[in-house]
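I'd like to ask you about the structure that follows.
In this document, chain identifiers A, B, C and D correspond to the written order of the chains, with residue numbering beginning at 1 in each.
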Amino acid sequence: MKKIINDPSTAVDDALAGFGAAHPDLVQVHHDPNYVVRADAPVRGKVAVLAGGGSGHEPLHAGFVGPGMLDAAVPGPVFTSPTPDQIFAAIQAVDASLGTILLVKNYTGDVLNFETAAELAAAEDIEVEAVVIDDDVAVRDSLYTAGRRGVGGTVLAEKIVGAAAERGADLASLATLCRRVNANVRSMGMALTPCTVPHAGKPTFELGDNEMEIGIGIHGEPGRERLPLEPANAIVERLLAPVVEDLPFGSGDRTLLFVNGMGGTPLMELYVAYAHAEKVLAQRGIGVERRLVGNYVTSLEMQGMSITLLRLDDEMLDLWDAPVQTAALRWGR
Amino acid sequence: MPDSDVPMTAQDLLRVIADYQAVIAENRAYLIELDAAIGDADHGENLDRGMKAAVTRLAETDTPTPADVLKTVATALISKVGGAAGPLYGTAFLRAANAVTGKPELTGSDVAEVLRAGLTGLVARGKAEPGDKTMVDAWEPGVRAAERGVEQGRSMRDFLADAADAAEQGMLATIPLVARKGRASYLGDRSAGHQDPGATSSAMLFRVLATVVDHRV
Amino acid sequence: MKKIINDPSTAVDDALAGFGAAHPDLVQVHHDPNYVVRADAPVRGKVAVLAGGGSGHEPLHAGFVGPGMLDAAVPGPVFTSPTPDQIFAAIQAVDASLGTILLVKNYTGDVLNFETAAELAAAEDIEVEAVVIDDDVAVRDSLYTAGRRGVGGTVLAEKIVGAAAERGADLASLATLCRRVNANVRSMGMALTPCTVPHAGKPTFELGDNEMEIGIGIHGEPGRERLPLEPANAIVERLLAPVVEDLPFGSGDRTLLFVNGMGGTPLMELYVAYAHAEKVLAQRGIGVERRLVGNYVTSLEMQGMSITLLRLDDEMLDLWDAPVQTAALRWGR
Amino acid sequence: MPDSDVPMTAQDLLRVIADYQAVIAENRAYLIELDAAIGDADHGENLDRGMKAAVTRLAETDTPTPADVLKTVATALISKVGGAAGPLYGTAFLRAANAVTGKPELTGSDVAEVLRAGLTGLVARGKAEPGDKTMVDAWEPGVRAAERGVEQGRSMRDFLADAADAAEQGMLATIPLVARKGRASYLGDRSAGHQDPGATSSAMLFRVLATVVDHRV
């Protein structure tokens, strides 16, 4: 295992300390329990927006804490959901009496721990609403399974909901908005290489020199199928087809196209993919009005990418464009 | 309950927890490996962290009742593990504790009730059914074997040994299954051919319980 | 070789096309010859700021094109300097009669090609000044060698000079400022893994599972020495010591600390390194007033990092804080 | 110049360039490998791109003079190669062209002058001295051998063969050297033990020149 860390058992804490030191203008980092809040938390007069989950997906979520996006991020150990009391402590740190919305990626662990945290908050008369994000089309959904995973769509939901909260939307309408974003976003991912969870010490799976893994999530887990490596354009088409067909996206749709790297993918490759993705969508009459390209929802040092497509309406578009000031996303003022 | 049967004390339970912690620590890498194959390579790390916390907290508790022991473990797991295993095992221990609140010791049928309550909690929380390739696949046959033993008037030592055997069989039976709950479900058919990590750690719990009772002086 | 590309011979062009498509608000991309200019180029009333070099270092340089930073970026093939006529075409596209400053990383190829481009420009009566960046302390400098390489310090120079140009500084003072930045910045890098140049098809060097390469540049080249892998804190100390001693930085200095990933390094690891770097500097009485953490000057998918330290004066600090709007760096307005 | 010596024509030079392009294409991977060891793994790719461009441009030129051929190659290299090799080889060819402007054919001493002019351009541009582990280490002995041959009245065929031998010896002599110029210099002592890629592609140029002249009918 080759990592710039001191010890697998302190890596998350050390990184959080570094994150706090590197962004003193944006965030405050709390240790034991671990959470990250806006430098000016709790912000009076607005609903707090909180997201969390296992570590190893950086910049998600801490990199999105700041004006216009998240009030708090709650990082668990690597690929392990945070615990209820940790989440509850973060809720208490950001709640400003107008309630807190919890954005939860759909994994059994995350859902259960956030559920419990929400109960703890309710017991203290803090209003909370948890909304589950499940945008990954690689997973077959059904009442009898764990359902789809939350992946790239999470960033878009955090940005859009965060912007609405900043403008003063109330808890119920934020939850409705968040569900609307989730209902209109789809993702699919692939990997060229596995990643190594620090405490595991070796890669989660092995891939041959000429193989790729299709339908991965963001926890270094194996995907749905293993295929021979293909040129970028073929990979893009392979990821986009199920994304487009699932919603389905159709001619005339206005979209946000998000090409996401899994952590170890150079920008050059993401832009190669982006170029073709936009072309493929254009051929289907799907218009790309906003774009995001980069390593935003990652699996440690994994090489690979995911493609996320969000159908925009005027409100979402306006909220996407609204100012944001975080470590990983910044624009406007 | 056969008259000869010695009830289970809080001390016995403390021993169970201590031994289970040791077993998990020993099998940390093994459980990580099982989870790497069909999950995210953290089950061993998660439980190891949680059981160490449980043991630490128990060391700070004076003269607990059986329910106190179970509840302390539950809260340690809930507040230290995270992931799926934390709330699931945590709920199981919490419901188990609630089932025997106030009792100074546990008879054989109390023990079977404790196990049943744990399983009920697990299912209430995780909504998994037998055959979904989860912890439930070890717990369910384990609990049923214990209950059958009680009905048949077998000794605690004997029915817990049966329960451990049944849990282990349930664990092995997860191998061919296609997962319908938890992370392994994301793999679809590719999840078949692998043993479920949670069922494995659960079978270990049943085995420790049987062994501690077996070795009582 | 595992990359999301279509063909080694089209990777740079494809990525540039994607970059242009993904950032239409910021840049225009020109193909054959390849260069990237601000969307509003040429910008009247200011000196143009141009940088360039081989591709494979993304987001450097195209990711820094936009208001407050570069007017043009000129990307060569992977790890190969662009050609003089390519650079000259870019100069012509951005020059607004007040001259153009060329920021050149100190590599024989870059220096020679930019030199020739400058001659071509001079022949057309375009005023140009080329300033060479050479901040890498891993390389021993002497009159008789190729001298030090330009590495992480390049981003800082581009930001600071770009801000000054935006404020209307003239060509001569920009060149002086750029030389001042270069005189006050030092860097040192290391790698955990090599990278694979697309046209080469295999890694430039091999590293054992327990080895790291110290004193690397940014071209996937082997470094000065190979050592057993160490914990993050030890690596940080190993990189910082020569950086601090070279200038030297001393107690009371105000600095910008830049922890840079080589392309495939997850943020978690960079923040672990950042945490310790700031501490080590504090112990020496060196104050960190500004920070940058991320993959900014990269070597394709290489895992590793470099640490860059810049001694700030009031003017540099003010220019660093000035608004910037590029694909890779954004703040203010 | 021995009277028997046939002068070098523009056609001969076109053949040299065509053959050199083929040699570089064949040795692309080898030159990349040499550059990977002490540089950045692009020398073969760079020259291959440049020589292909040179050949394409020459195909568009009607009845050129020797200087035209050399100049076309120079501008193709300068505008298509980039890196260190582009301007260095480009300048060498440009200076070589300037040395024989207007001449319809090149005598033996013209050829030696062309080579000297190329080397002078190379050194003017790159400031390398013999022993710095660069192209110069192949060019310098190659040019000296050619000049010595002219002085001694040897035939063009013979002195170009000598020059190619000398260039190859110079190339091999770069192996133990510690680089003082170019990317290899960044490696410090670790650059020793590797053959310089630029010296290698230069020796190939001298060899192609000798072979073309040797094979003339």
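Just so it is clear, a contact is a pair of C-beta atoms (placed from the backbone, for glycine too) under 8 Å apart; a residue touches a chain by one contact, two chains touch by 3 or more.
Labels paired with UniProt names: A, C = phosphoenolpyruvate--glycerone phosphotransferase; B, D = Dihydroxyacetone kinase-like protein.
Everything numeric here is computed off the predicted structure, so don't read it as measured data.
Engineer: Based on mean C-alpha positions, I'd like to know which chain lies farthest from subunit C.
Structural biologist: Looking at centroid distances, B is the chain farthest away.
Engineer: Using mean CA coordinates as chain centres, what's the subunit A-subunit C distance in Å?
Structural biologist: Taking the mean C-alpha position of each chain, the two centres sit 29 Å apart.
Engineer: Let me have the rounded angstrom distance from the C-alpha centre of subunit B over to the C-alpha centre of subunit D, please.
Structural biologist: 77
Engineer: What is the distance, in whole Å, between the centres of subunit A and subunit B, each centre taken as the mean of its C-alpha atoms?
Structural biologist: Result: the chain centres lie 33 Å from each other.
Engineer: Measuring centre to centre with CA averages, how many angstrom lie between subunit A and subunit D?
Structural biologist: Centre separation, subunit A to subunit D: 55 Å.
Engineer: Where in subunit C do residues touch at least two different other chains?
Structural biologist: As it turns out, subunit C has no residue touching two or more other chains.
Engineer: Let me know each pair of chains that touch one another.
Structural biologist: So the chains that touch one another pair up as A-B, A-C, C-D.
Engineer: Mind pulling up the subunit C residues that touch subunit D in the complex?
Structural biologist: 54, 76-86, 107-109, 112-113, 115-116, 138-140, 144-146, 149, 197, 199-200, 204-205, 217, 219-225
Engineer: List the residues on subunit D that touch subunit C in their complex, please.
Structural biologist: 32, 36-42, 45-46, 49, 78-88, 125-126, 180-183, 185-188, 190
Engineer: Which stretch or stretches of subunit A touch subunit C in the complex?
Structural biologist: Interface residues on the subunit A side: 2-7, 11-12, 14-19, 21-23, 55-56, 58-59, 63, 192-193, 209, 212, 229, 231-233, 235, 259, 263-276, 278, 291, 293, 295, 298, 300-301, 303-305, 325, 330-333.
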